[in-house]
């Protein structure tokens, strides 16, 4: 049974480089078995090319290793906290995907700027508070999880309706009913961040139009009875 | 005959991921058989990797399924309306391609900023009006089609000369004489959106030139009688 | 002998999609045989996937077809003019590569913003004058060639030292001692355009630094005697 | 033994195109054998597709060729100086990777804008001083190395804690305990430059939010009991 969980989590981790969400060894995916009270997670710092299903580490909800020879992801306490805080989530993804990180570094929520966003996230994807010096120097990864929960609790956001967050100065976490659903949400979060960036930075200050006679020339060079582009003349 | 239509529409749908126009299951292509009064369209929410020609759904011009075991695209009423409204179009594509979406989310037409644009689109690619609350809460996909027709009718735009539009806050629709021509126009719309974005955001406020002596050094390190880069010395 | 020229020009044309410089059928490469007074060029509107060496068209310096069953590129008169005007050039490339087009559409030269530029182009890559209505409605492609020559002649630019130009509102032409050298210059022009765009648009208005305690945490989580990321602990 | 060093340096050089850090022949990697007082480096101007392990050149710490039939990289004097100046570094990489070059051309340090940066670089990646006319016209590549050392010495930066720099108007150098570690740092430097660029240019001036009723429509078209997107209805 745990072999199946390891295989599932292995495949979900491998979906990160396949979808261009990771550089080098960055990023990790986990999935929980609520009945057994354990979750499976990527080992820390292992190259995706070298990763094997049997490398996946099984930990309990306090983040202690139950099965596996490798150290679990250093972000394991964040995953464990979120599984404890939100009983409905089944899988978690953390990446440093480029466009979501740009917003995280700016300390900005990803705005619900279009229907692509609305199809997956029912509102802005929030940015967690910056951690204080004490939170960073203390149980950093646990406090990262708490900072995520805090923004959802304070602003009454349903984590199943907005299954993702930006940790401030850091990067995105997403979740879902299982690991692959969380990967799906990580893919969407990065692409809607990219779309929002370009929408936010569009600048209409300059008129960029070609003159009408050039529009005529190029359009009718290719279309209509006087076209002379290509092999088939009309 | 319908098998051939399904095969054609299957291939046109598969051209979307092949040209980097879609993420996940997003996007759909249809083609009409005007004699039979039916069109073929991608099934809703099916992964491109799993899509087969026999999955393509045949619907009539009211959008009712005539043949097929799967639900047609949820955007089927938009396609059906456009086929009814414009008797000359033979194929329709809807995508969430990134650069066109950036303009759609900004509520901006894609300006005819160069000859690349003019080769395909005879003028700005317009943005449809935002739908009202009533239009969204009512027959949303039908009203999306109506919002497209409205901007073309109101502004006297020939849909065969400008075979594409941005639905406001949403994304691009393109069309053509058949499905593959509509895919072609979807490819062009995204790349001219990308080019226009960069033209619109170029900023000459800062002088970025290297000093002349550095220009001299690097150019003549590689060119002319004193070059010393590479294996063949002159 | 002409078979060898066709093969060379075929390979140079195929290098355009291989280097991500073209969309669809856009772009064309030619190479001249000065002794025979002819040049070989891509046929008009042919898909790169379908292009074969025997499709390459041989034309004379007036642009008349000497050998070949297909129409030559619609840009043939531009190539022919440049070969007549500049006796030292041996190959010419025209593309609609995205970053160079962004500058062409803005009517801006690509500034010599760094040594990457200086390694290939001995100064700004100039932008040709906008064509007048008469020039566009007349012998358009010939006049495009003349607009290129005009900026080089007027500003005393050596076309062998700056082997490229932006045609206004349109896109880049590059050249070189042969077709493949011209392709090389097309590759460089697009990448230095991309680099220049980002240099020109960098904005330091906002302080984006992380606090020192977060820098400490993340750096020392991975480095030094207290590191706990990865599998090998020091 | 030197064959092993050549093989290592060959593989590290090939990792540059594999990670999209180079265009054409640009970039070079070296690794030193401190005991023998020699280092291995890429030959100048050789195409990566044609590069073979036996092409790698062995030079001494003055940059004189000890073994090999090809000219070493024209940047060899920069590598040699850095190996002499910093006895702890074992490998050096120089690239013209696009995002790092954008900052180098702007004469800006890459700011420590997030934890992705902090995981590898303990502070801003500095930009070296512009070389003077005399430095450029003299021993240019040696002076490039000196300009790197100068900024680290003057600002008391530990080169092992910040294993990279931007040479002004030029591009990045990175280093590490060996060649592959230096390649790793080159990959990270480019991606954190890309992330920082987007963070620095995010613009919140415009409200890009969709109206609530459109958010409702799209979210609930796909989620919950009234969803009608896809094949499985709840």
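Letters A, B, C and D mark the chains in the order given here, with residues in each chain numbered from 1 onward.
Criterion: a residue touches a chain if its C-beta (ideal position, glycine included) is under 8 Å from a C-beta of that chain, and two chains touch if they have at least 3 such contacts.
Keep in mind it's a predicted model, so treat the numbers as computed, not measured.
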| item | value |
| --- | --- |
| Chain whose average C-alpha position is farthest from subunit D's own | B |
| Superposing rotation of subunit C relative to subunit D, computed on C-alpha atoms, to nearest 5° | 90 |
| Distance from the mean Cα position of subunit D to that of subunit A, given in whole angstrom | 25 |
| Gap in Å, rounded to a whole number, between the CA centres of subunit D and subunit B | 36 |
| Sites on subunit C at which at least two other chains make contact | 105-106, 113-115, 169, 196, 199, 201, 206, 208, 210, 214, 217, 221, 229 |
| Subunit A partner contacts - residues on subunit C that touch it in the complex | 43-46, 70-71, 74, 105-106, 130-131, 133, 136-137, 140, 169, 206, 208, 210-211, 213-214, 216-217, 221, 228-231 |
| Subunit B residues within the subunit C interface of the complex | 113-116, 184, 187-188, 191, 194-196, 198-199, 201-204, 206, 208-210, 214-215, 217-219, 221-223, 229 |
| In the complex, subunit D residues that touch subunit C | 23-24, 26, 96, 98-99, 101-106, 108, 111-115, 117-124, 161, 169-171, 196-197, 199-201 |
